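Look for subunit A in each of the two complexes below; its partner is subunit B in the first and subunit C in the second.
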Partner chain A sequence: MTATTQSASTTAAAGSGVRARLSGFFNQDVVLALLVVTLTIFVWLVNPRFLAQRNVLDMLNNSSYIAVAAIGMTMVIISGNIDISVGSLIGLLATISGQIAIGAQDGGYPLWIAFIVPLFVGALIEAFIGFLVAYLRIPSIVVSLGMFSILKGALILWTNGVWIYNLPDDFMLAQQAPLGVPVPIYFMVILTILAALWMKYSATGRAIYAVGGNREAARLSGISEKATIMKVFIINGVMVGIASILFATQFNAIQSTVPPGLELFIITASVVGGVSILGGTGTVIGSTLGSILLHVIRFGMQFVDVSQYWLQAVQGILILVTVMVDLLRRRRQSYSGRG
Partner chain B sequence: MAAVEQQPLQTETFGQRLRAWLTRLVISQEGILLIITIIAMLVLSTQSDRFLTARNLTREAVLLFEVAMMALPMTYIIITGGIDLSVGSIFGMSAIILGFAWQDAGLPLELAIAIGILSGMIAGFVNGLFIVRVGVPPLIMTLATLALYRGMALGISQARSARGFPDWFYEVGRGDFLGLPWQIWILGAAILISAIVLARTSFGRGLYAIGNNELGARFAGIPVDRYKLIIYTFSGFMSGVAAWIFTSRVSTTRSDMGTGIELDVIAAVVLGGTDIFGGSGTIAGTVIGLILIQVLKSGLLLSGVKGDATTVMVGAVLILAILINNLVGRFRS
Partner chain C sequence: MEPILQLTNISKRFPGVQALDGVHFDICPGEVHALVGENGAGKSTMIKIISGVHRPDSGEIRIDGQPVEFNNPREATERGIATIYQELSLYPELTVAENIFMGHAPSSQVGPFRKINWGEMFDRAQEILASLNIHDMDVRRKVGSLSVGNRQRVEIAKALSINARILIMDEPTASLTEADVERLFEIVRLLRERGVGIIYISHRLQEVFELGDRVTVLRDGQYIDTKPVSETTEDELISMMVGRTIDNLFPKLPSEVREPVLEVRDLRRRPSVRGVSMQVRAGEIVGLAGLVGSGRSELAQTIFGITPAQSGEIFVNGQKVEIKTPAQAVKLGIAYVPEDRGTQGLIKEMTIRENVSMAVLPELARGGFIDFAREKTLAQEAIQQLNIRATSVQQIVAKLSGGNQQKVVVSKWLASKPRLLIMDEPTRGIDVGAKAEIHRLMSELAVQGIAILMISSELPEILGMSDRILVMREGRLVAEFSRDEATQENIAAAMMSAQMENNHLVMERSAR
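Up next is the complex of A and B:
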């Protein structure tokens, strides 16, 4: 890929070189960032209170756990798979975390266990999904659809839908705000940067693109497809674990239910962030921008007085538009490749 | 003379044929499932004497109706190698549009019912159109419309429900015809027609061809695009009909109706032996899959498990069914 771009820019005439650089600049991440800015300005013009410091922080804070989960989802989709079960998993892990925190309050073990266990449980459950997908060759859509309802039912069986109250104050990680910025935003920024660097420069990160982009080529270049898919799902489990802690510690109570449509929100963030649903392309910076965009839309709807009930319809349209743009771009690329 | 000679020959071939047919039935996916289903029903009938009564069985059939109606087109779709995740959302949207057209727009209820079903058809048609013309993978298209159609249901209704329909509206959902609930007659006819179309028409054979080798099917002159458009529209239509009759049974429309129902539908189809990668499957298998899931569900309910928690079983059944299919497939080849 890099080699092609280099040879193209060296052989191309000066004029088309500039154009290539321009179109390189206008990649999906930049387009998304511009979209976020444009939309923000639009809502701000209608209602200036939109850019009040508190609202902006609130918006980013709400985007954070979605963005963290979307990092994992992005890797899963780039590898050519999908995970529907994350909504249930976040609900389950948040409840586990809360129950452990309650236990820690009574003494016996330190509180940090409540922050560690969900990461391991998440990794374990996703490892199981990854195993079924990679080694037993069951389509990820079916495995994760099944897991979605298994986890959801298990959570109801376990908690009977009772909310968790009286959580210890130290547990409220997401409510703390060093330097005036809520903790989840730090998580979002740092994890996005780390994941982006890892995806770009590590061998495993490159392997994920290879497996999703061209399975046969990946195999021929000595990449183990199965091991890569396993790793992707395990990382996804850890990310979902972190997201569930940010989710669990937002409020003073944990609902012990599965937030409806949460997995769709996360998938939308990834897809809107430029992750091609056909696998092989996409970035985690894009998916983080995607989740911020979704929250600008969500909060913006309130500020321009559009009913929140339309949010899910907007999500559906966003997915469709992004997918169509992606398909059209691919078609054009394959034409120019032929010419 | 000739007749006497033929007589023993014919009985022998009949016996052989019967035995061959029985063996084939028993080792086929449908046969194995049927046996499991019968065992499960017998076990349940020993657990509770209320289970194997005519009254309970018709009640179970009525409960199964909506999922079953959607499972028929889903069988077609999965046979072609596609999937439709949006059926639950189409179901919810059709019901909301029915209620909205009658209560808020003030249209006659007959017209509202027609509009509700039509909106389901259009929703399915839009799925098919994007899959065929734009080339969006079915999984992604129907995932997007899962959000879109549910969002439409929420947006149109603003989470308000419609209720207070006239009495005649409840007839189809709660009434009987010749001693059996309407649902059983409608479902029976739908199953029969779907099975005949799949097994006995060139359209049905075309669906298998698409699932086995889409490019090959195209070269063989099968109108692949038109067939796909038809089955996704059919899926929307059946979701719309199911939504109408469900609304008639529960006497209200709510925007979250049918959330997660796609799981039950897909689980039943896959459990019934339809290959998730396309190319094989039967309506008979799907029907047995539906019955087995319903039997397991009511078994769990009888043993005191709460309704929501039965989703654990449905999810496990979905994964296990594909796992076993894969293993059996590897074993057969």
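Up next is the complex of A and C:
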């Protein structure tokens, strides 16, 4: 899939200005978008019902909370880290949000608190992870794996796995659809655009790329790599908080457990979206397109009548291919002439 | 006596550098043959050729008069050549005995498997150590828990376990205490009596005179001479090591030296910076000379806040300051072009534009967002000023040549408009053209009033560029020369031979 991107960017450096500009347009994000469209057309040719308006909106709607969580994950991965705990965290924050909503129904405080608290709790927990990673220099995979188990255990102890019902109608944010478009899609689009602009144009965004690209060089350039990593995790916490609200409000009940494999699905979306697992490169737009691509595949399989069990395998192959292409690209990128 | 090992006319070229050019070397049984030369003279390359790590481009290696070719280190080991490198290559989590017999443990065949005979291995390890007069080491102990001196003894025992006839020792005393040095010398003498040929590399010329039978001098990859130790002197060796001519590559412009920009007093950071006091003034280029490991880079990193000082005072423009992080140093107007641009200087996946602005992001940003127009202008100016050969400011720096990458690092720091520029080996590994351009730039910056502290292992560069030269050894400044009084000989002597104070003690003790 990204093979085209790679050859495009290789010729970009070697080629003339015009060719460079042309292939600059053919960046990874454009290739991903074309892939989404191609795949959609393919499924549509097999089964025209696939492009019914309801199906398309459903598909995008389902991608949304994954995409929002993947925005945070993308920043974490670009900074050279990873966060395994997001699956548990979404489960926990969704439950917190639901419990608060039920409390609000009984009176005493307004409902919007149910939408705000998860963002703060998410930021707080991720700040703790960020602290351990940035200041104590514990590898993020270890910290977040530990946090994954802690949160998962805490959630089960708290709820005993009992589902939350009787949620107030006003709480069902994800079920609203102004102008016929479900709310989660607005969140996905707006947050993606804001985050993409912020990553590209802000000094902090640049610092995130720098720390992920070469932590030591960034530090020696006067960038505070510790503060940068803290910020990344805190932003991730807020994104996970938003994702958890979209997740909590999509059905009339909240599952109160951790959706199995959710964190891997989110990481897959980022990686398939072209975010280098080694840190330093990737875009938020890519990761959102990655989330959509995964959902096109998931929904498309139903429409062309392929067993859902294939989904895991296809996801796995996508990860392997993108990571391989990324590594090959890096290897080829280094200067090969006389030093 | 017939030499065991003979190297004739050995040449080896690496990209951009002729590491060895027609070098001769031989060693007889029961001889200590010292190999000396400055940093980069080709000693390491030669060891690596003897031990099978590199293959020579041309020339001949003979063992016992028979021509040989080594395709890998194992083949050299099989011919009885063992090497003890500066950084020891032991497995800390394994026992002394396992390390000694790594790769050839006594074993017996049991069906399709080989079974290690632990008892035999421990016994034989003990025997080997005993043969070196080492009786105080437990062969069942993990190597990681041993002192540096003891680890080195394990390395030597390891060499003997393969019946090494040629033992190469690369700077064996560099990190040893005096007592350990003494024991090492005893072992070396023991091995010599046993007929082992020892190739002994050391910067400490006193050791050469104490242990060596013959000495070979290399300089810039060239073979200079081989002499019996008894027929030479320290002064003669130094002049053979440094006798380079200064070409006119570096047109240092005269510059007016003004007020001090940096002053440090009794700066300390264990273990490498042990009480340094000095000044660098505006408009002045101070050259910092010293051997690898003398603490030059560590001093620079302490000033820049990478490894903050443990004690001592730093003054910038007369103000006493505390520098705990590089970010603080940058704010004070200090810039640091590191020794290793790949790991410390550049973010290789990023463009020239992004790298050049890295140290000035706060100034370029308005309300947290980067002014892209100014950033682009900055990068374009850098490309022009330093003559960086690139297709555009958008080029990924990984695709640039070494010299152009170095120019990007330098422009990053020029963008920060520093008062003090610290450059650690600013021209290492770059081509002659880029080198001259960086020297021209340094000279111009000094004229503009920037204070420059340059670390270099190349004496011609030090002599050509510096207004004043400081020499560092073992974490301290040991000599200072003005531009007029400095020569290769007196700098080199300060770098190396004044080891005497230390080694006299060793010599007295081992004489007893």
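Just so it is clear, the second predicted complex is superposed on the first by the 319 of 339 C-alpha atoms of A that agree within 3 Å, B and C clash if a C-alpha of one lies under 4 Å from a C-alpha of the other, contacts with A are read in each partner's own complex, and residues count from 1 in each chain.
Going forward, a residue touches a chain if its C-beta (ideal position, glycine included) is under 8 Å from a C-beta of that chain, and two chains touch if they have at least 3 such contacts.
Everything numeric here is computed off the predicted structure, so don't read it as measured data.
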{"item": "Partner chain(s) touched by A:Thr281 [first = subunit B, second = subunit C, both, neither]", "value": "second"}
{"item": "Partner chain(s) touched by A:Leu167 [first = subunit B, second = subunit C, both, neither]", "value": "neither"}
{"item": "Contact breadth on subunit A, by residue count: subunit C or subunit B", "value": "B"}
{"item": "Which superposed partner A:Ile208 touches (first subunit B, second subunit C, both, neither)", "value": "neither"}
{"item": "Touched partner set for A:Ile138, first subunit B, second subunit C, both or neither", "value": "first"}
{"item": "First, second, both or neither for A:Arg219, with subunit B first and subunit C second", "value": "second"}
{"item": "Doubly contacted subunit A residues - partners subunit C and subunit B", "value": "none"}
{"item": "Of all residues in subunit C, those that touch subunit A in their complex", "value": "15-16, 304, 306, 325-327, 329-331, 336, 338, 343-350, 354, 358-359, 361-362, 364-365, 368-370, 372, 391-392, 395-396, 398-402, 405, 412, 416, 429-431"}
{"item": "Subunit B-facing residues of subunit A, complex", "value": "82, 132, 136-139, 141-143, 145-150, 152-154, 156-157, 160, 260-261, 264, 267-268, 271, 277-278, 307, 309-317, 319-320, 323-324, 327"}
{"item": "In the complex, subunit A residues that touch subunit C", "value": "13, 17, 20, 201-204, 206-207, 209-210, 213-214, 216-224, 280-281, 330, 333-335, 337-339"}
{"item": "Subunit B - residues contacting subunit A, complex", "value": "83, 130, 134-137, 139-141, 143-152, 154-155, 157-159, 256, 259-260, 263, 266-267, 270, 276-277, 305-306, 308-316, 318-319, 322-323, 326"}
